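Two complexes come next, and they have one chain in common, chain A, joined by chain B in the first and chain C in the second.
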Partner chain A sequence: MRTLRALPTLWRIGVAETIAYRAEFIVWMLTTTIPLIMLALWTSVASEGPFQSYSSSDFVAYFLAVLIVRQLTSNWIAWQMFEDIRLGVLSMRLLRPIHPFWAYGISQAAALPFRSAIAVPVSLILLASSGAHAITTNALQIAMMIPSLALAWVISFGINFAIGSIGFWVTQAFAIGGVYFTLYTLLSGYLMPLAIMASKYPTLTKLTWATPFPSMLAIPVRLLTRNLATPEIARMLAIQAAWAAGSILIALAVWRRGLKHFEAVGG
Partner chain B sequence: MIRARELTKHFKVHRRPPGFVSAMKSLVHRTYDTVKAVDGVSFTIERGERVGFLGPNGAGKTTTLKVLSGLLHPTSGEAQVEGHVPFRREADLLGKITLVMGQKSQLIWDLPPAETYALNRAVFDVPKDQFDATLEELTDLLELGPLLDKPTRQLSLGERMKCELAAALLHRPTTLFLDEPTIGLDVAMQVAIRDFVRSYNQRHDATVLLTSHYMDDVVALCPRIIVIDQGKLIHDGDLRGLIKQMDPDKRVSFTLVAPATDEEIAKLGTLMTREAQRVTLKVPERQIPEVVGHVLGTLKAADLAIEDPPLEDVLRVMFSKEKE
Partner chain C sequence: MMRYLRLVGIQLRVSAAQAMQYRANFLIEGAMSIVYIAMTLLPLGVLFGSRTHVAGWDLPSALIVMAYFIGVHAVIEGIVSPSLVDLVERIRNGAFDYVLLKPVDAQFMVSASRYEPWKIIDLMGAIGLAVYAFSLRGAPPAPADLAAGLLLFGAGVLATYSLWLVCAATAFWVVRLDNLVYLLGSIFDVARWPIQVFRGLWRIVFTFVIPVAVMTTFPAMALLGRGSARLTLATIGGALVMLAVARGVWRFAIRNYTSASS
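Up next is the complex of A and B:
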């Protein structure tokens, strides 16, 4: 109850921190380059005819959808946690009667609308104008985008929180964060649609679907860009919900074990 | 109440000599030492006590405070604060304690202190009227008025420390762990913080465990002191008792009016310092009346003061004895 009552203030403070540095804030809003590079690359591949089943405008729709989902679900809390643990700043968070899982989570969530304040509306307009035919027309699917994006965000946050907690054991854990981001890039559909990857590397793609990465990006993008039957929509959301629950449990377990190793350096 | 029973905290520390070869070797083989930061410390502090926690650098003071405030899991032994086991970090305990570290900030760096206060009010679930009353009281006592809406990063060290104290006390904790709360502050500010801590202790019957390298903080605030060295407790008792035990002689200081040689003065006691006409002697307590009579009568001193030896000196003697 105490945590619930604190939510609005935590949110407000998170927003205030996000916009404290105006220049940095504007740079954040504009840094969304990888999906745009991929968009240019894949549309040129498909310029003379569809590649696999993707036409040039399918790629436009896909990567604009990737941009939107990425903007709304990205997390960077692992990096902040590494720093907080390494420098002992975490001590001050631990003295507050609120689990850092909540405190970090709300500060991350509070930043999202601002970080995506430009990229998401622009992408949505572009998507509606140049990729309209490739967007789903299924009302249920469009409605399900909201829980799907929320679940993708929870999975991303949970995994980031678990990785950040590795900082309790490893002083310079940034490399682990780097490995995570590389895997995310390769296995989530960030660089290419997983359907294209499946045609070239079927086994790898099957394995990919056994990881949380598609739930963080490919599934919400699929919901936005493909017309799916209701059972398939339910299956996609169920996969996401399972990974969301799993990532929270893993995050809290790693945190609990790691906290015993916290050395609270400094002071 | 704070209770520690045979409390230990050991750290595994990686050691390697300087140089490129050692750096390369350490990639494949690392040598670790176990550092016993706290090594079997036991004490009990009752509600409302003000206790100084002293020791040389690396003695284990801050580590003990971190264990007691729940930041560190002890390696062995027991700790209890306000009836709770600290490392479990139950919300009820966190609402009753605070830890102020002179070299660590809980203020949000990029925002004014008022925002940290609002955050603390929310997470500590402090009722609005109580929060307003406490903040008003702290603002008056610590003269925070003009500081509340300045970004923390733009505050001076002294200003920041005052704001830190306020942030740490807004939820009216009843156990205060203060780790070097006056470090880097000017004398006037040190006095203000001391007065404030004493008054908070009296008004809220709060327990205070204080570490400080400024002995004036300890002398002014703490009737009882606990001394640790190399992780072990070496004294627990009242300040006067420690001074009497380690260095029972008094310091007699006076300013000469008539000339006198060092040999003449040294007949009265051990000459500690002499700067022009200002003299300090070390004199056994039982000889004080006789020495005072002589200084005022024969030497015609312009003034005279009798004091206990400085705590710094007492501790220096104590730590050197420990090393022997």
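Up next is the complex of A and C:
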């Protein structure tokens, strides 16, 4: 109840932070432009003839969808937590009567309107102009994009929060963040559609579907770009929901164990 | 000059001592390097799994570009990045004053004052990859090409360093820039692909605006014997121009430093 009442204030703080650190915010946004480079790469490969089943405009639609999903679901809370733990700022956060899981979550969510204001119109115009026929026409699927994106956001935030909590044990945890990001880029369909990866590395792709990474990117993108049957849509959302619940549980468990190690460095 | 060399020696010793303090990191970093290289190769495997040639590059030659990418990345991450991350932090909290007070060029201090010796594993990985690529091709590089390739490796490192320095210099105006390293990483990521893969506007951007071609593609072409004297000279010239520009930007930026705390 107390958390609920604090929500609007936390939201306003998050918005103010985004505006105050706008340069950092823009740099973070620019780091999520890899899909555009991948788009250039794969369309030029496909211009010599379709690559497997993907034509040039399939790639355009795929990577623009990736860009939208990535902009709306990525967060970098792990990096902020490393900093807060290392510099002792966390002590202050712990004194507040709200679980940091909520506080961090809302501060990240507050940046979403800004990010969508920049990324979504541009991508939608590009999508409509050059990849329109490769987007789904199923109204149910388009409607299901909203819960799918929300679940992807929760998974991404939960995992980031868990990784950030590792900072309690290791002071230089940035390397772990790097490993996470490398895994994410390869296993989520960020660099190429997972269907393409499956043709060369079938076992690896099967393993990929057992990780949370496709739920963070590949599933929402699939909902937007492929026409799927209703049971398949339900199955995709169920996978995402399971991972969302799992990642919240893991995040809170790692946090609780890590907190016992907190030494309030410098604080 | 002697003083700088002595300084490098001392800092190397300190960094090595620090690295030896965390010996467990050797295993972690080693394992991570292997994972990193394997992951880097994955998209290449997919691409060449369905095509024998992409934009005139076959698998072994593309592996050479990848070896340059990993190699340049290792040198930059091992020598330049740690110091530049410190720079951003120091500008924010005002500790940069002490760097300026030291009787050596401040650019030297912020470019090479802390090292990450374990990155040598990545460098070995890059060399191993290059050897493997040449064994796939079935013929070792000609001695002249090898010399040109090594020389241009230096040019690639210089070009990358220049880009890093320019970006880090923006920290003088923008207060909080902890995430700079990730931005640089994602720009540099383009360099793992031969520049010919990109078309039209993209190729112009990656050749002249953000010259990733100078960092990996041109050196790889020289090593493969596909370059020419003109390309070699142009690459070296390009790297030197970038270095001069970076130096200029740095000197301009440093004049804007107002000291955060005092």
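Convention: the second predicted complex is superposed on the first by the 253 of 267 C-alpha atoms of A that agree within 3 Å, B and C clash if a C-alpha of one lies under 4 Å from a C-alpha of the other, contacts with A are read in each partner's own complex, and residues count from 1 in each chain.
We adopt the following convention: a contact is a pair of C-beta atoms (placed from the backbone, for glycine too) under 8 Å apart; a residue touches a chain by one contact, two chains touch by 3 or more.
Quick caveat: nothing in here was measured; it's all calculated off a predicted structure.
Student: Which of the two partners, first being chain B and second being chain C, lies in contact with A:Pro97: first, second, both, or neither?
Tutor: The first partner, chain B, only.
Student: Does chain B (first) or chain C (second) touch A:Ala162, or do both, or does neither?
Tutor: Once the two structures are laid over each other on A, A:Ala162 reaches no partner at all.
Student: One more residue to check, A:Leu191. First (chain B), second (chain C), both or neither?
Tutor: second
Student: Is A:Phe262 touching the first partner chain B, the second partner chain C, both, or neither of them?
Tutor: A:Phe262 contacts chain B only, not chain C.
Student: Under the stated touch criterion, which partner chain does A:Val45 make contact with: chain B (first), chain C (second), both, or neither?
Tutor: second
Student: Where does A:Ile248 make contact in the superposed view: on chain B (first), on chain C (second), on both, or on neither?
Tutor: It touches nothing on chain B or chain C.
Student: Just chain B (first), just chain C (second), both, or neither: which does A:Ala175 touch?
Tutor: second
Student: Check the residue A:Ala65 against both partner chains and state whether it touches chain B (first), chain C (second), both, or neither.
Tutor: The answer is neither, since A:Ala65 touches no partner chain.
Student: Identify the overlap between the chain B-contacting and the chain C-contacting residues of chain A.
Tutor: 21
Student: For the complex, which residues does chain A have touching chain C?
Tutor: Touch list, chain A to chain C: 21, 23-24, 27-28, 30-31, 33-34, 37, 40-41, 44-45, 47, 51-52, 76, 79, 83, 175, 178-179, 182-183, 185-186, 191-192, 196-197, 199-201.
Student: Tell me, which parts of chain C touch chain A in their complex?
Tutor: Residue list for chain C touching chain A: 28-29, 32, 35-36, 39, 42-43, 45-47, 49-51, 54-55, 174-180, 182-183, 185-186, 189-190, 193, 197-199, 202.
Student: Which bits of chain B are touching chain A when the two form their complex?
Tutor: Per the touch definition, chain B meets chain A at residues 11, 62, 66, 69-73, 89, 91, 94-95, 97-99, 101-106, 108, 110-111, 115, 118-125, 151, 179.
Student: Quick check on the complex: what are the chain A residues that touch chain B?
Tutor: It is residues 2, 5-6, 8-10, 12-13, 16-17, 20-21, 88-89, 91-92, 94-98, 103, 259-260, 262-264, 266-267 of chain A that touch chain B.
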